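As written, the chains take the letters A, B, C and D, and residue 1 is the first residue of each chain.
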Amino acid sequence: MEGMEFLEFRRVYKIYHNGVRALTNINLSVREGEFVFLLGPTGAGKSTVMKLLSREEVPSAGDVWLDGFRVNRLEDDHLPYLRRNMGIVFQDLRLLPMRTVFENLVFPLEVMGLRRTVMNRYAREVLEVLDLEEKRNHLVEWLSGGEKQKLCVGRAVIHQPKLVLADEPTGNLDGHSAYEMVSGLFQLCREGGSTVVMATHNERILKAFPGRRVYLDRGEIVRDSFRE
Amino acid sequence: MFVREVFRRFRRNPQLFLMGILSIFFTQLIVNVFIVGYLELDKLGTFRGDAFSVRAYFPDDVTTGQAEEVAERLRGYPEVAEVTIVSREQARLKFLEYFDLREEDLPPEENPFPLSVEAASPRVEDVPSLAERLRETGSFDEVLYGGRNVELFLRFYQMLLSTGGVILLGVFVFSLVVITNVIRISMQSREHEIQVCGLMGATERFIRRPYLYEGFLQGIFAGLAAFVVTYLVADFTLEFLHAAFPFFPWVETEDILVPTLVVNTAMGGFVGFLGSFVASNAVLRGKRRQ
Amino acid sequence: MFVREVFRRFRRNPQLFLMGILSIFFTQLIVNVFIVGYLELDKLGTFRGDAFSVRAYFPDDVTTGQAEEVAERLRGYPEVAEVTIVSREQARLKFLEYFDLREEDLPPEENPFPLSVEAASPRVEDVPSLAERLRETGSFDEVLYGGRNVELFLRFYQMLLSTGGVILLGVFVFSLVVITNVIRISMQSREHEIQVCGLMGATERFIRRPYLYEGFLQGIFAGLAAFVVTYLVADFTLEFLHAAFPFFPWVETEDILVPTLVVNTAMGGFVGFLGSFVASNAVLRGKRRQ
Amino acid sequence: MEGMEFLEFRRVYKIYHNGVRALTNINLSVREGEFVFLLGPTGAGKSTVMKLLSREEVPSAGDVWLDGFRVNRLEDDHLPYLRRNMGIVFQDLRLLPMRTVFENLVFPLEVMGLRRTVMNRYAREVLEVLDLEEKRNHLVEWLSGGEKQKLCVGRAVIHQPKLVLADEPTGNLDGHSAYEMVSGLFQLCREGGSTVVMATHNERILKAFPGRRVYLDRGEIVRDSFRE
């Protein structure tokens, strides 16, 4: 133990402005380089946990610590730099409309001000893994549901972030693609040292992969186990 | 890179882009009306020496020589551009001409018109003070100036000068409000996108930049369009006016060109940029507060 | 139901809603300038009888009695509102007054001014034809009318009448284009929604209805706003003008009220509705063709 | 055989305007009241089949028949009436933003001009099944991913359409909810006589339910089987 964990929730509550209690007294710590599955039925609060980590929402009480920073107290000016160390696969995808596959994919790099040649190099690699080379210059509107989802995962990892938040990243993928996708994330975790938090309902994936499992139900952590 | 981005915005929603241009364009047209009006007034004030001159009548016993002396003195005054002595005979002929009378309509025995000087002022505003100074010299029986015409014109001129600033400010604010709203709408229609950009680690500067370019370019385009339209309309109208009322000192089209071009592009670009800035600030602040 | 829908639209994007209002409002203001200008011209044409009358000079040998006879005949003409005989003495006094001369400036022996009639026409446009008719009677030595003043005014009036229609049409088209674009933007920003509605089995009428309401309401609001602003500005300006140039026949604020209110709300509502109709047609057709 | 099937694809090709061959020579007929699973990897053309049925897209060649109408030749004016006999669960959900759960749910009824009391009655029933009564007046933006997906299914069936097109309706649902959802669709099919076409990758669902299975791969039907 070196004092503080990479990611920590300390007595976190989240009550949305419409009165919905999404999280109740969440205490959770995750070491750097860990792979965590976030499980639980619909409405359990999985996406809310993700949103607190990316400061899309702030907790109603308690603190969220990430890499030594208290996320919920971070100044607005620092947020972009926090988020550049993150890759997020949104449950509702959130691709930038009217842009091509390539433009969406390299957006996290563009934001950092990388040069086009560098972006091209990174993109070529990821597009190959995702099997989307042919669609490089297609508008994202022209992709199928599964292709969009793969693109989202690609966008979340292209800049090799320290933390990957993947919210239901396999919902529109067939069994084989889903397996490959999660394998890729595992590899990133093992070899790249990234921490991955992944919310999923995919039981086949859960059977196939080891790792820590945190079960949420109605906003509370009801089980926290590890499977080899 | 950013020009490409602006071009993409245009392609994606030409309506919105053109709305922005239209709003600035429209206000620039109003500005141009003022510019032309101002130039016209300026020309009127400078050149209509005859209408805006003061006429001072000498007493009956003054000789032409004495009149010359007084006229010479007047030429030293700063508000005097030109001094002409009108002899009694000249006055009589002018009178006949004005009333379209024949020589024999007037009694030939005696000329009732007194000797006078006409002192023209370079600027219409100076006419009343010039008249006052002439009165103060004591050399004249009576000092008259255009009366109603000049007075009307003067009041109008003063009204325009005092309200013109207010109206121009109003126009400026109006176009700023419109362009701000257009950019705001443009941003709101991409609110989702802006939010996603933020979540990908984009700074506000990064998000805002293309909108600033967009507003600035819209302003420049609008200014150019306003300039071209003004030029065409002015050219046509002035040609008509020159033909219809040739005696009136209308401004020339060439006099209009440079001032409108400069004002339109500068003001257009400035208003567009400022509008984008205000709008992006408002939207981003709103987003942050959420 | 639909008012609620419109209200929701307003809440969702007040900027866009206000833009629509602003555009119609603005063009209605221009329309109001024309209304007021027209009313003013109308008043001018009717009341400035003195400036727009024709003066006809009798030959020297005509007596007052003969003049009365001719005047009586003239009163029968349709374009004549009023006929006044100006005696030779009256003409002389008028002359003295006009030129600010004293009685002793003119030779007392003989009055050079001829007997004349002044025939006023109720409408300024009739002045030239009236003059022509007077000339044709042969009773007069010379027939003159206000000359430059009337001619200037006439040309201006004709120019306004001929271009006024064009300008008003332009303003109408302009406001239509703007409101059409605003509604179009409003629809495009909900393009996705409209598409989903269509996939749920909504007819185009169903989809379009709230937009038509929206445009119509925007038009009415804009018209009312333009009316109120015009009323306030006109009230202030006319008060100023009445005070500054009391001799001039300015229109009264009350004369403006009804015409502007009627035109603004009617034209505003119509333009708003038509704009929505055109926009929704265009968007829905675009969607269909996809 | 009564002459014509309820739903029929006859030599249908679909090439998108960007040149992607999404469907190649599709021949398919479905009887009224049948339950059809549409299977296949990402980009196989499942969503494209659905879009041709709802006339969101038109085939590049061939004809799509539905209930005696040639969908691809239908006049624009008739489309709304075609679609009122359909319920669609979109892969990307497509809820109407800024509206409440209730307003979204009853939208197909509103479009038909039903009265509010009738809409209320229908809605109460469906909301209970979906377990969304509490969120009746919440904006859809406030729902979790799974809740949104349930709402979409509810919206697709509330007007008891003759044809239900469900494009990956379980991607964001936990195992239990997904099972219940598909059970509901099966019931609608058995008891209500609706025809259901459902695209899915969910292998547990496929194991649990019988019905016809049409496998697509790269735009072609590669297998058409039935499982008791």
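Just so it is clear, a contact is a pair of C-beta atoms (placed from the backbone, for glycine too) under 8 Å apart; a residue touches a chain by one contact, two chains touch by 3 or more.
Just so it is clear, the structure is predicted and the values come from calculations on it, not from any experiment.
Student: Just tell me the minimum hop count from chain A to chain D, counting one hop per pair of touching chains.
Tutor: Contact-graph shortest path, chain A to chain D, evaluates to 1.
Student: Chains shared as neighbours by chain C and chain D?
Tutor: Both-contact set = empty.
Student: Hey, how far is the Cα centre of chain B from the one of chain C, in Å?
Tutor: 24
Student: Mind checking the centre-to-centre distance between chain B and chain D? Centres are C-alpha means, answer in whole Å.
Tutor: Each chain's C-alpha centroid was found; their separation is 67 Å.
Student: Let me have the rounded angstrom distance from the C-alpha centre of chain A over to the C-alpha centre of chain B, please.
Tutor: Centres of chain A and chain B (C-alpha means) sit 62 Å apart.
Student: Which chain D residues reach two or more other chains?
Tutor: Within chain D, no residue touches at least two other chains.
Student: Which positions in chain C are in touch with at least two other chains?
Tutor: Counting only residues that touch two or more other chains, chain C contributes none.
Student: Does the chain-touch network form a line, ring, star, complete graph or other?
Tutor: If you draw each chain as a dot and join those that touch, you get a single closed ring.
Student: Touching pairs of chains, which are they?
Tutor: Contacting pairs: A-B, A-D, B-C, C-D.
Student: State the interface residues of chain D toward chain C in the complex, per the touch definition above.
Tutor: That would be residues 54, 56, 76, 79-84, 86, 88, 94-98, 107-108, 111-112, 155 of chain D.
Student: Taking the touch rule as given, give the residues of chain C at its contact with chain B in the complex, in rising order.
Tutor: Checking each residue of chain C against chain B gives 13, 15-16, 18-19, 22, 26, 95, 99-101, 105-107, 109-110, 112, 144, 152, 155, 159, 177-178, 181-182, 184-185, 188-189, 240, 244-245.
Student: Looking at the complex, which residues from chain D come into contact with chain A?
Tutor: Per the stated touch rule, the residues are 16, 18, 20, 40-43, 47, 91-93, 138, 142, 144-147, 150, 167-168, 171-178, 201, 203-204.
Student: Spell out the residues on chain B that touch chain A in their complex, using ranges where they run on.
Tutor: Checking each residue of chain B against chain A gives 8, 12, 192-193, 196-203, 206, 288.
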